[in-house]
Amino acid sequence: MRHEHVISAKQFSRADIEAVLDRAADFAADPQAASGHEGALLALAFFEPSTRTKMSFETAIKRLGGDTIDMGPVEFSSVSKGETLADTLRVLEGYADGIVLRHPMEGAATMASEFIDVPLFNAGDGAGQHPTQTLLDLFTIREEVGLDDLTIGIMGDLKYGRTVHSLAQALTNFDTRQHFISPDSLRLPRSVRYDLHEQGAQVREHEGYEEILSELDVLYVTRIQRERFPDEDEYHAVAGKYRLDAETIREYNEDLTVLHPLPRVDEIAADVDDLPGATYFEQAHNGVPVRMALLDMLL
Amino acid sequence: MRHEHVISAKQFSRADIEAVLDRAADFAADPQAASGHEGALLALAFFEPSTRTKMSFETAIKRLGGDTIDMGPVEFSSVSKGETLADTLRVLEGYADGIVLRHPMEGAATMASEFIDVPLFNAGDGAGQHPTQTLLDLFTIREEVGLDDLTIGIMGDLKYGRTVHSLAQALTNFDTRQHFISPDSLRLPRSVRYDLHEQGAQVREHEGYEEILSELDVLYVTRIQRERFPDEDEYHAVAGKYRLDAETIREYNEDLTVLHPLPRVDEIAADVDDLPGATYFEQAHNGVPVRMALLDMLL
Amino acid sequence: MRHEHVISAKQFSRADIEAVLDRAADFAADPQAASGHEGALLALAFFEPSTRTKMSFETAIKRLGGDTIDMGPVEFSSVSKGETLADTLRVLEGYADGIVLRHPMEGAATMASEFIDVPLFNAGDGAGQHPTQTLLDLFTIREEVGLDDLTIGIMGDLKYGRTVHSLAQALTNFDTRQHFISPDSLRLPRSVRYDLHEQGAQVREHEGYEEILSELDVLYVTRIQRERFPDEDEYHAVAGKYRLDAETIREYNEDLTVLHPLPRVDEIAADVDDLPGATYFEQAHNGVPVRMALLDMLL
């Protein structure tokens, strides 16, 4: 790759994506062969809580033979004294060989990348991008069913979910049919639909999922957040319609591969966990080889 | 050991305990000889505050040549988004070669061990078990006075203290006489006394400690918590009776070995620190070789 | 150096300072040559928030081949159960080969050093000392303009700023002229002025900085804190007088080297960042080789 920073899923061509996924597959096959970055230091600057993303970046750099330095929770950092993000990162770049940034402000990573000389990895910027999540989603889909001639359903909160927007856009690099399943109030934003249309994507929208389940290779489920609804009753009425259980899968599509970016609350019932197509924990685990690949290519 | 997880002090036979303590003695004698786990990653999942336990596990794995990945305070993790403990740990097992779990819920470690394939180390589950603390207590007693033909007093909050229950049960593997010293309101629970009785332990209970001090090889002191009493006055009246100072030790039993799981507040006066029998800091330090032994045997 | 602990900038002779800065210069020139401390563990005990100091100690020990164990935010440690600082550190010295301590109480590091046998590094004790900051300030000045025949201005909050007091005292080891620039209410404390006078320092005080700017080789700017003033208006009136911008520098002294311990809020305008004399980010980065030198000499 010729990229210096990892800011957005949009920056990757099909060739870029395949190069990362191929390298990740090497690491997944043989994690021990992954050294060569002894002494490399990766700074973790998380301005918002994170478990999976932070710990899998941490695992990735340590599996590569390197180490982390962690800014820690922002409440306990000098950011609380009024320092700008720019100043904080300009200090960090003197300590570390790369920086992982999560920030609540959309566009933070783009802005930050302009004055930082070490590679910057966007680990989520508000409602914006979360490109390393997209790459691990793509890796998981490729490992399970392949990325071409793919029929995928994406279900849940399609309005606010940044992982959904990135994934939908990245999939336009491949021969896929995308079905978006959500309540009307949480439809994919017009701007994202417009972009997909421009890129010639094959897209359809649905309010219920049973009608389409049998056609899908993959169903990507996301969480519907309580805060999006005026009251509890309305939330429960809507959320109930987008809850997946083992019985439904067995009835409509036994071969379905189920993904979820996690954490889940109850949009996937626990009895799905034991089905052969339940792939969300493996998907989370894939964060390690995918981030190893990115670090290996850019540090 | 044939154990996969370390959940409870009850799981260990006398032979198991001796194997761990022997290995720990090797590491205590020569910490540099402890490599062989290069690249091993230990996940730290502490759902409650901890200093000693967490940092000594961290020290142990790093002295062994490995490293940690730390979930961090639960307030800053995705647990705050409503994820179940089971889901959190199933993600972590894909990152790390072992998991250390502290959780406020009794039974959490047992439950967790059922769906986790990497070794799980229980670092305290509510009022339940804290087996690695018990092993370091046993290690310290063995180093100082030996575990057989031992007369030990255990003093303070015997009702709620999980370290006390585990230690008392583990000691039944050895030839020991146990004296329990506490206010009536904080006596050892009936269930624990019943278990000890069943195992044929030699047990006696006391309200004051002076009467028995001269007979003891070891006095294990624990903290009496303010929260257990209806008002400050009653707390101070009771706590004052179970406070140990240098003068008392010199008067009744100069050879007494004093242990405490720490942190202490004022149940052991500072002037005890300079006596030859004050062993509580060494006891804390022993957490490192004991946890090195466990990690070495199970990872 | 014959020192066991690093407690105060006052403990260093000119020869000590030069030995540390020379070693730091080696590390700055070739960070890869810095191994030899494989397996060394440094405990981080920060009882107050810190970003730069903590992360640069962390970077320093890791660049040397060692690792850290981190007590974490004090809210999540056993200190919250009422443990004394002395007890906490006596436990830590059994885990680590050295301890870095930041504590809100002035004198904490001196007190702590009396009962700790591993090297203790004072990373700031309230309004007291912050000796490693002083060493990195000196290192930066030496690299940029040299420490002898130096004319330096120190501006901002001179009353409460611990970095200022340490720096002023350390500079008396060299042939320097010191100009102190502050509002009357934030003048250097009488005791510090007295000490400087006793050591034969060449010192002058000013209320404004334009009058002196052309004479200076270095201007060391510190933050004026809002909390020092009875109301917002008075704060803004005063702070505005001690704000530095590019136009002023170009007008009065194009060759000026500008330092700041960071974090800055707005006492240095962003347009100063692009001037050749803006050295505060490099100054922060110099924390790594300077702390590597100290760790290398004392661990």
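In this document, chain identifiers A, B and C correspond to the written order of the chains, with residue numbering beginning at 1 in each.
Everything below uses one rule, namely that a contact is a pair of C-beta atoms (placed from the backbone, for glycine too) under 8 Å apart; a residue touches a chain by one contact, two chains touch by 3 or more.
By chain, with names taken from UniProt: A, B, C = Aspartate carbamoyltransferase.
These numbers were taken from a predicted model, which means no experiment stands behind them.
When the partners of subunit A are compared with those of subunit B, the chains appearing in both lists are C.
Homomeric contact subunit B/subunit C is classed as different-residue, with under half of its interface positions used by both copies.
Averaging C-alpha coordinates per chain places the centre of subunit B 40 Å away from that of subunit C. Residue positions of subunit A touching 2 or more other chains: 67, 72-73.
Across the complex, subunit B is touched by residues 39, 41, 43, 67, 69-73, 75-83, 87-88, 90-92, 94-96 of subunit C.
Every residue of subunit A that touches subunit B in the complex is listed here, in rising order: 32, 49-52, 54-56, 58-59, 62-63, 67, 72-73, 262-265, 281-282, 284-285, 288.
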